[in-house]
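When the chains are written out, they are named A, B, C and D in that same order, and each has its own residue count from 1.
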Amino acid sequence: MKIVKAEEAISSVNDGDSLMIGGFLGVGTPETLIDELIKQNKKNLTIICNDTSFENKGIGKLIYNKLARKVITSHIGTNKETQRQYIEKELEVELVPQGTLIERIRAGGVGLGGVLTPTGVGTIVEEGKQVIEIDGKKYLLEKAIRAKVALIKAKRADHVGNLQFALTAINFNPMMGLAADLVIAEVEELVPTGVISPEHVQFPGALVDYVVIGGRSK
Amino acid sequence: MKIVKAEEAISSVNDGDSLMIGGFLGVGTPETLIDELIKQNKKNLTIICNDTSFENKGIGKLIYNKLARKVITSHIGTNKETQRQYIEKELEVELVPQGTLIERIRAGGVGLGGVLTPTGVGTIVEEGKQVIEIDGKKYLLEKAIRAKVALIKAKRADHVGNLQFALTAINFNPMMGLAADLVIAEVEELVPTGVISPEHVQFPGALVDYVVIGGRSK
Amino acid sequence: MNSKERIAKRVAKEFKPGNIVNLGIGLPTLVANYVPKDMNIFFHGENGVLGIASEVSEEKANPDLINAGGKFIDIIPGAMFFDTSFSFGLIRGGHLDYTVLGALQVDEEGHLANWMIPGKLIPGMGGAMDLVTGAKKVIVAMTHTTKGKPKIVKKCNLPLTSTRRVDLIVTEYAVIEPTDKGLILKEIAPDITVEELKKITDAKLIIPDDLKIMEV
Amino acid sequence: MNSKERIAKRVAKEFKPGNIVNLGIGLPTLVANYVPKDMNIFFHGENGVLGIASEVSEEKANPDLINAGGKFIDIIPGAMFFDTSFSFGLIRGGHLDYTVLGALQVDEEGHLANWMIPGKLIPGMGGAMDLVTGAKKVIVAMTHTTKGKPKIVKKCNLPLTSTRRVDLIVTEYAVIEPTDKGLILKEIAPDITVEELKKITDAKLIIPDDLKIMEV
């Protein structure tokens, strides 16, 4: 783990990369890292995220600034710009049920080939997917998903890089941290090792590549 | 959630039931509940557990007292009596890789049909199982597993039944609590609601049927 | 009491003490207002919380604490936070007693469509598909019509949310139970007749002998 | 220095600062004794801990804190506990830099058998199958022979732990790298000749020009 400025961390992201970004309607989203992506004007990104937030918040800003080529997400209903770009074919959108999305990310992170879920069976989500019957019940085979980089947000990190999340700001963050080749964590504060009890660490610092100190949640 | 004596909680277990029991070599195993199973002399149990511990500890006592018809487990190497009963065909043993066992339990608890794991491919663990190829890589389809009752062990419960585990005594406990129809939790102490912070609760009391106050870990 | 309040109040009667309940965005959120505190219902937010108390004012808001609709909330004593994987484990694993959702359409088979109108409105399914697939009981809470058009139809022409039959439909005029025989009218509001109700319902309704008057 | 210590010391040289390492029960446990503290290695116990320091005496033992061998342990600052599902997520997901395991047999293809002798010894695989399948690098640490019988064989006749080829074999006499061409002898101990080594090795060894002397 290295503590770096957002500028240095984000310089590891290349045009065309796939990015997992944490957050649920902007809560638990690394805003400082997102602002830096925009500043460095990264292009053609594939973004994997729960939702595209609002036009002026979190992942919404990446859509508004046209950094994304494709979004894999469960919900775009709170961001009119995402819907507009999608309908006008400026942006590719793959809609995935939220529970399936998190499990596909988890599978990618924990070395499973995919997920066998009842969610989506018999709906348009089934299209093009293998249906597997187990003991008389049907399940969709939803493939594991990984990304080049995960941008995650935690409340605090210790000097080892161990992370602790706040309240409902945890959401997709820890699983995304398992499912990417490079893990960049934005935190609000750095604390001495030991301040976060070993029983309360929620993500191991040994898997974090960069820690960036960002602002407080607003 | 109801706080009851071990006697009452274990009276819900019937002969022939399938039981998930937490613990790793006896650490994180509900000893009081196990002693009560023996006292009430339950028969023909199917026990799902990481290992069969030692002859005089934890799940080992159930084997020694011949309460089990079948064990689904990853390791019996620390208990000679399990190996003897297995070799002499007094006990059925299904050996499952540890990572596959916990995922099968998790799948049962979170509504997935099974697990697609690379573990066991090409070994005798593959026998009788479906092999699924995803993007050129082979995975075993390992089915989800559930039980009638889960006997789990936590350090403390609050008045809602929320649980907190200690150090490495967490192991299989929370996932087993998701994967059974009836959940009985043995705890060392009861604390007022709020003493366990909502960020540190590790298993929701809303899913716990009975809490039994047992002894301290030894 | 307006239509929405009437629906919310009726849905609230379904719950039993200690139930785990997920309320969808919009109308379903109102249901919480009619649940007595001493029933100890655990309200679940799929974004990662069990034990939502209520929405809170700006002054009490914590920026890291929202419900699945993005509103700032407070929690009850004994609440718990978790990540999305655990949250949907609860949903898909059948640990929720009830999920209450809005609908664009429900049909005679009890199928629900509530996540997109092709070419027009594409919010995405969010957690709805998992909720409808996984909860023990699914209650659809919606106004009986939209701009005068029936929402209870013979067959959904919008993309389905799940092929799982919902358990109950509650509107301002009726409580309807989908079964394998069809839609059974369980309760009717006192301010509408069966004939009038049929006119604003596209699907066939089965009228049982013991039809009750809905308490409003 | 006895054979086991010699093996442990050699294995320890493989790690890089900050690596995540799982040490199997028995001989592999000794490896920790030869790893400098300032290398900040994170030792993983599949029972649910990252950051094992060392085994501890009875007086310092906490009954809730063990390693995967069931021994009471202490932890380093910055350690973390987790449940089995997260623990094997780390293992299967390729997050462990090294796993060091003992073996009953390893063969020319680099296949490992270490979990049962049919009809005789059936401990079960525990976490071994996941560790060998998932870790970035698998090191087999074992004595070269058992009761004079070679353990490095042409083809395992015991049930395999995984069909994944292990990355390195370290014995008291040799460091061997399994490759798609076969077993390459990388290092040989100073107290044995190549001819003598071949006599206690069933499998064919490829002797490269740059064969090194093992530091013991």
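Throughout what follows, a residue touches a chain if its C-beta (ideal position, glycine included) is under 8 Å from a C-beta of that chain, and two chains touch if they have at least 3 such contacts.
If you're wondering where the values come from, they're calculated on a predicted model, not measured in any experiment.
Traced through touching neighbours, the fewest hops from chain A to chain B number 1.
The mean-CA centres of chain A and chain C are about 29 angstrom from one another, to the nearest whole unit.
Work out the mean CA point of chain C and of chain D, and you get 55 Å between them. Work out the mean CA point of chain B and of chain C, and you get 35 Å between them. Contacts with at least two other chains are made by residues 81, 88, 91-92, 133-134 of chain C.
Multi-chain contact residues, meaning those touching two or more other chains, occur in chain B at positions 103, 106, 111-112, 117-118, 166-167, 198-199.
Interface note: chains touch in the pairs A-B, A-C, A-D, B-C, B-D.
The part of chain D that touches chain A in the complex is made up of residues 18, 20, 42, 50-51, 75, 77-81, 88-95, 133-134. The touching residues of chain C, counted against chain A in their complex, run 45-49, 62-66, 68, 70, 81-85, 88, 91-92, 119, 122-130, 133-134, 159-163. By the touch criterion given at the top, residues 103, 107, 111-118, 132, 134-135, 137, 139, 141, 143-144, 166-167, 198-200 of chain A touch chain B in their complex. In the complex of the two chains, the chain B residues touching chain D come out as 24-28, 50-51, 73-78, 83, 86-87, 93, 95, 97-100, 102-103, 106, 117-125, 155, 165-175, 202, 216-218. Of all the residues in chain B, the ones that touch chain C in their complex are 1, 106, 109-112, 158-160, 162, 178, 193-194, 198-199, 201, 204-207.
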